[in-house]
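Chains here go by letter, A, B, C, D, E and F, matching the order in which they are written, and residues are numbered from 1 within each.
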Amino acid sequence: MAKVVTFGEIMLRLAPEGYLRFVQADRFEIVLGGGEANVSVSLANYGLESVFVTKLPKHEIGQMAVNALRRYGVDTSKIARGGDRVGIYFCEKGASQRPSKVIYDRAHSSIYSAVSSDFNWDEIFEGADWFHFTGITPALNPSVAALCLEACKAAKAHNVTVSCDLNYRKKLWTREQARETMTGLMKYVDVCISNEEDAHDVFGIDAENTDIDSGKLNHEGYKSVARQLAERFGFKKVAITLRSSISANDNDWAALLYDGKEYCFSKSYHMHIVDRVGGGDSFGGGLIYSQLMGYSTQDSIEFAVAASCLKHSIEGDFNHVTVDEVKALAGGSGSGRVQR
Amino acid sequence: MAKVVTFGEIMLRLAPEGYLRFVQADRFEIVLGGGEANVSVSLANYGLESVFVTKLPKHEIGQMAVNALRRYGVDTSKIARGGDRVGIYFCEKGASQRPSKVIYDRAHSSIYSAVSSDFNWDEIFEGADWFHFTGITPALNPSVAALCLEACKAAKAHNVTVSCDLNYRKKLWTREQARETMTGLMKYVDVCISNEEDAHDVFGIDAENTDIDSGKLNHEGYKSVARQLAERFGFKKVAITLRSSISANDNDWAALLYDGKEYCFSKSYHMHIVDRVGGGDSFGGGLIYSQLMGYSTQDSIEFAVAASCLKHSIEGDFNHVTVDEVKALAGGSGSGRVQR
Amino acid sequence: MAKVVTFGEIMLRLAPEGYLRFVQADRFEIVLGGGEANVSVSLANYGLESVFVTKLPKHEIGQMAVNALRRYGVDTSKIARGGDRVGIYFCEKGASQRPSKVIYDRAHSSIYSAVSSDFNWDEIFEGADWFHFTGITPALNPSVAALCLEACKAAKAHNVTVSCDLNYRKKLWTREQARETMTGLMKYVDVCISNEEDAHDVFGIDAENTDIDSGKLNHEGYKSVARQLAERFGFKKVAITLRSSISANDNDWAALLYDGKEYCFSKSYHMHIVDRVGGGDSFGGGLIYSQLMGYSTQDSIEFAVAASCLKHSIEGDFNHVTVDEVKALAGGSGSGRVQR
Amino acid sequence: MAKVVTFGEIMLRLAPEGYLRFVQADRFEIVLGGGEANVSVSLANYGLESVFVTKLPKHEIGQMAVNALRRYGVDTSKIARGGDRVGIYFCEKGASQRPSKVIYDRAHSSIYSAVSSDFNWDEIFEGADWFHFTGITPALNPSVAALCLEACKAAKAHNVTVSCDLNYRKKLWTREQARETMTGLMKYVDVCISNEEDAHDVFGIDAENTDIDSGKLNHEGYKSVARQLAERFGFKKVAITLRSSISANDNDWAALLYDGKEYCFSKSYHMHIVDRVGGGDSFGGGLIYSQLMGYSTQDSIEFAVAASCLKHSIEGDFNHVTVDEVKALAGGSGSGRVQR
Amino acid sequence: MAKVVTFGEIMLRLAPEGYLRFVQADRFEIVLGGGEANVSVSLANYGLESVFVTKLPKHEIGQMAVNALRRYGVDTSKIARGGDRVGIYFCEKGASQRPSKVIYDRAHSSIYSAVSSDFNWDEIFEGADWFHFTGITPALNPSVAALCLEACKAAKAHNVTVSCDLNYRKKLWTREQARETMTGLMKYVDVCISNEEDAHDVFGIDAENTDIDSGKLNHEGYKSVARQLAERFGFKKVAITLRSSISANDNDWAALLYDGKEYCFSKSYHMHIVDRVGGGDSFGGGLIYSQLMGYSTQDSIEFAVAASCLKHSIEGDFNHVTVDEVKALAGGSGSGRVQR
Amino acid sequence: MAKVVTFGEIMLRLAPEGYLRFVQADRFEIVLGGGEANVSVSLANYGLESVFVTKLPKHEIGQMAVNALRRYGVDTSKIARGGDRVGIYFCEKGASQRPSKVIYDRAHSSIYSAVSSDFNWDEIFEGADWFHFTGITPALNPSVAALCLEACKAAKAHNVTVSCDLNYRKKLWTREQARETMTGLMKYVDVCISNEEDAHDVFGIDAENTDIDSGKLNHEGYKSVARQLAERFGFKKVAITLRSSISANDNDWAALLYDGKEYCFSKSYHMHIVDRVGGGDSFGGGLIYSQLMGYSTQDSIEFAVAASCLKHSIEGDFNHVTVDEVKALAGGSGSGRVQR
């Protein structure tokens, strides 16, 4: 059983029920989530040893986050406890032409004040096979960025494969800040996950002949982005996700995996969305699993996209699917007939 | 007012709220349902005298099932009380590419232990016009199958029309067991309801030139199945339902009714699904009603399919529609404009 | 900050949860709404001074209505208190081919017994810029119709622009009654909002070459209706809304604004509907706002339709959107990408 | 199986969740209830043939009332259908020093417009053993009072025992109106149920030496009231309920039954209240059952009070208890130990 | 109509449903509340002009707070908008021996960053009669304390009566910090509200012969505390609240008002608690109202305590009661009989 | 960190919301629970290494049980997966004089079909300090009883302390069956937990001078029962729980611990009950913890009873309390004052 470590923030997601707007709400549904935590839950659901590293307060709200991870099989024994608050994001689900809206209230959460002594990286990476983080984590503040760098170095010292989902968040840092910090981290990364916009925002890498808003997929453009990323940073693999947003309810979804030789595009799925948040993370989870299992490049990207497609039909940040369910979609018709 | 008797199991259906997966649930919505019970509720809603026969425990969970039927006007006075448990099925609603999932926990329910003396068939069929059962009931166990046979014989002795929906359930019996038992029952059946797969699974009857997964409807193939069924068992009428599953949210739905002479295809409906379970049973309910009312073959199949189409927009197993609502759809545009 | 007055009834809307039918409900979701109240909330959300005039009982149910308006910034200080009941409408949400259903229980509500001395129109219209009412209000009973006439006269005496949404309700009065009463009111109206059916039902004005049920939009027909309305009553502006109902879940939505010279058609939106009720009122709210802000005819109709399009994605009668959100849709792609 | 007929109004009870006040509510829990309907459900739960007579609209809200009665086994076949609305009462649950609050919105409901031809009393009382009504029904309006009189006469013509719970409602009529109308009805009544206040309000009958607000029970006073009632109207039995309200959460509850010879006081129960509404009706239901079963005067009053005590622990108007449960309390310790 | 201004923080209160513990919750009920905001809502409910001053972010979560105040009639036009977050407190309801638990997450909320230019105190106090704040507000941070001082000075400049509820919060500051800051503010205060512990914690004032944990009320001790407070700071009135906590569900509640001459003790109430939070604030609201109305010292304290007693029966921070309801309790029996 | 193993069944508990009766429910709240599982959660909450051993089906309903345990920190790695169903118990919460009602539907659950090879007892008890089971587990069927015996023997072979809560369930076996099987198991038991009734039902051991229904605690009687149990089976410690049921809402609760020398009675708590189920198990959890921590006999029983007292204020089977919370109650006043 492969062991995968992720490092980042897990937040309390507070969302009005159904399609209610914030100003109509008198109740919030509670879900826990965060880029790397979502990946960890995916991997635990696939049966891997999945370790999530973060810092959370000792009080009961911190415990709620720990429990949410334990419930789905994530190893929480390496989580540092301390600090004052759990980061929060308020999330309003969009519909039709009305976009979903996310309001972050994450500053000053426990992870912001994490220090080097909170984590014993050598112990954490003992026996590990893979380390994953996203561009959100170093964006939190410079000291978390420094912890990210520590983790990357320790991972490499333990011969652990490192993946990173660029995930640019403009509310957390500027493009310039992102570029500088992320460039420093990329040297430790083996597998890079991005989409067109992130490649542009973080590294100024653009595809030719692609119009983000047109909804049309430009295969050559995606290949160009993947190749440029691989060349600039020496990534072994680059995955590019391809989302076409038709409305808040309907998206098309596919991806490309470039292994330095082949460019493999997945099938494209037309999705009726139940919950779009965590869609990218579920792709990361699927990709890591399929890479660890030694799938071919084509099979790997099909697994990752099918996993992610299913996530869009599931409430919350976490992707509650099994390997069998993902394989059934990747290999089958997706016609949604009742399973009795 | 025509009187219709059905015989079968009614189960507690426990479902997570909305699109939650089982592992996310902390609450189950309770609905009662079962193939024949669903038909009985349809017929009570259409104003017929509708009698449902089963066995249920004396305790309050059994009473919940009785009350659910009474609430919608079904005559429950012929239900035997005894045994230990109400059958349960857990039901998770699918979305987009993720299929709905049903987990049965029905073994050892009260109906499994029903015996001949639990039911006075002569009294039950006194004044009855129609008897309906599905292939699920004899599949429960051999003693329930024997009760089915008793019921069929008694129905015939009272000149009651008998209908059967083949409804093959692979978790309850093998194809071989189904074929043997169902063949024995078919001689009492006047009206047979099936789809292509059930005809194949139960009786090995195949349509030519049809690909179940293609989503394309093959008219000639359906006619072939209907004709073979009618010929082999001497059915007066054969109805074949035609479902194309595009995704868990979107299905096309139509049907064919063969009366020994004409093959009448209904309109086809493109449905956004609220709840797919009970869709076939609502077709049965519509067909029985329209046959009892003496509708023409074409009108009968249009009524049955419109009734069933509406069911897909209704939560739960039961089809809560009136004759007027079904007629409005069968005869109208289905544009869904607000009725003020 | 412009000041807008509306006059009408606000009702308790009681609706089963989700897509449940009335006979399945054991809980009602409470929303307050009514044609003119909905417009008032839209305008308060856009930052205008928005005054809603009605009569409501002194008891707590009456207070619930007052509070619902205050919550969203409507000025309720001109509401008369007295009478016995708050009007109610029961509302069942449709899906796919099953239409939404509204059962009114509004007779004998407080507004029915309102008298002239309940309202000080001079005070109400002091400093006002716009007065809006719908055809529902004079339909309630002759004494409310008389109050409407008083309000119109007072508005004109204060040089207030008057708009009216024809909104024919066949359960409240006959076409003949409507025509007589509405004709008397139209002389005070500057801006008329209608759709094809209302123009026909209330004034017998028909478009050439249009088939309401065909779902096809006939531009020349709509222009013809707008022109006839303007000519007959001397309206300065006429807005015609264009709804194509594909199913209870899917509608196309657009509108035409005729300013006496130009006929400006808006973009058309294909909407996945969350809640269709209040869709027309949100159009009125958008139109009044954009007219008061001095938008061009084309910009005005685009704003009104975008506002209304967003309303269809929002639960309840009220349109909870800001000017910025409406402008973003009117000017943008409507692709529903997450706003972080 | 004895047959009992009741006649009156069944209303939609709309209540905020838990202890929320009206102005906090955004959801109403729906319960159906009404004095006589509550008695009918009690009797159906005890296994009697229980017929409830009223008038309800044909639409779905009327159907909700019919279904609520059918669900619990009441015979609804004699309910007239027509009229416009179902009566409503809004109900806010009190706690501690804050009293429960009821706002009625029942005027103009279907029963208000019921006419003689809506009910075939001869058919209704065919084979009946008992007829029950309360003082609320004749209070609705004079024409309903006339229907009550018709029912009483028909009941007597069929040798049916008649019971009446005086139940004075000051919002429906004055004491003078009540006295006149009720006096005319009392000659048909065999069993009278009252409390001290109703005896005073309706008939000006006062007990000596009793202080309603003192919370102390004055046995001699109650006996005096019972005796005066029996003497003035020739009742065969008089039951006086004895409620001491300590707070909205805590009441003491007992009763007296006078059979013309003996005065039998029940045990007194100290109750933690779940829902106080319907408490008196459940007493009526228990009394009718125990009288029909031929219980001794002491056993009868114990059964009635135990039934009513249990009602206070049950949500809604209806008393969902079995004969066995009532007997267990009447004969036992009431210590509330878990029944496994 | 008297005008009352309050200044402080309003927070999002997030609470698990019913008696669930934090670690069991998957939903939070949303209530807005805060010491001074609660007082403002009380006063708006009593019909006064009630102005609440604070700073809230511009985003929708900030708007939720504004709307909650508007809904209940509070004037929100003086609220500054800006900053990043709404303060949060998580609240778990206790039962029996298990205490309620509050986890604060209020640091860095918008009010923390408020500056002098956010508020135009002269405009705010124009025409005002009363200004109220609590010891929580200056405890937030020194700059908010400075704003408090500005407000007090401006109030005095406008001849506005000033009241302060000491409300010591040990998580916000030390006793020493509290003493220094509060001493500086007390010179502007006319009416002081405290309990024994706050008098001790903030000013080191102790009653003789009182044991806080004994649950026994020591009248002489309370008088001693009131007298010492009045003497040290020159308060015109001192109110001391007297809570005896028997369990999380049961408290006794009374108060003393000292007007410089008389010591008036209120009745004592034994309360079954629905929601204890906001109990002290509702006392403040009642006291301010009854003082403004010119009630006698005895009547004033009875009104304040009855108002507060009722609050304990109401969910949320706000006290949703009318003057009539408070008077009914202050003058009556509190027996909790249903109000029909 | 001590390691504790428990063995038994974990069931799906399905309960109507609040105080609703089964026949009123349309939703079940889902909680997982079972005698030994409840103890395991208590111990995990206290920070021990807590291992729960059972058998559960592989499907999602089985996974729900695993996840509920993981969420609260229980080690589920020793749970065998297989079989068909998760045992269910339906649970209706009582109030006042109405008792709670439990309907079991546990037969044929996965644990019923567990076999010796499902568990590797040597591995399970490696490094363990304590083994706990209840009398419910061997009552399930003879093969589970045999597994219990295996576990006891293995525990002893590993020098593990063994505790047993007698917990007689009359629906599972007769007193004679219980006595025989339990007698065989007692030789492995070091610490016995019982109440008076269980001692009587299982072993025919009676206290002198005690009346179970009187609600009075007879100290000498309890000591007699403890002494007899210790003498007959050689237990090192015997704990006797003392429950007085005043109503379904109010119980008194205390216990006695006999260590062979001293008889230590705990404080007695008067509890307002939130959820009584699991109350005994929480006592067991507290006792095991305090014994493992080496508490004195008096401190141990105080800790166990305080833990259990708190459980009665918590929804569900599990006792969600920390060591600090239990100690605070055991050492303090239990006055339920808010913890801010």
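Note that a residue touches a chain if its C-beta (ideal position, glycine included) is under 8 Å from a C-beta of that chain, and two chains touch if they have at least 3 such contacts.
Just so it is clear, the structure is predicted and the values come from calculations on it, not from any experiment.
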Candidate from D-E, A-C or B-F with the same interface as A-E, over half of contact pairs in common: B-F
Comparing the two chain pairs, does A-F have more C-beta contacts than A-B, or is it the other way round? A-B
Which whole number of Å gives the spacing of the CA centres of chain C and chain F? 62
Centre-to-centre distance between chain F and chain D (centres being mean Cα positions), rounded to whole Å: 44
Interface hub residues of chain F, defined as touching at least two other chains: 18, 21, 23, 26, 67, 72, 101
Show which residues of chain F lie in contact with chain D when the two form their complex. 18-21, 23-24, 94-102, 104, 169-171, 213, 215, 245-250, 276-277
Give the list of chain C residues in touch with chain D in this complex. 14, 21-23, 25-30, 59-61, 63-64, 67, 84-85, 88, 90, 92, 101, 103, 105, 107-108
So in the complex, which bits of chain B are touching chain C? 18, 72, 269, 271-274, 309-310, 312-316, 320-321, 325, 329, 333-340
For a test of understanding, state which residues of chain F touch chain A in their complex under the given definition. 67-68, 70-73
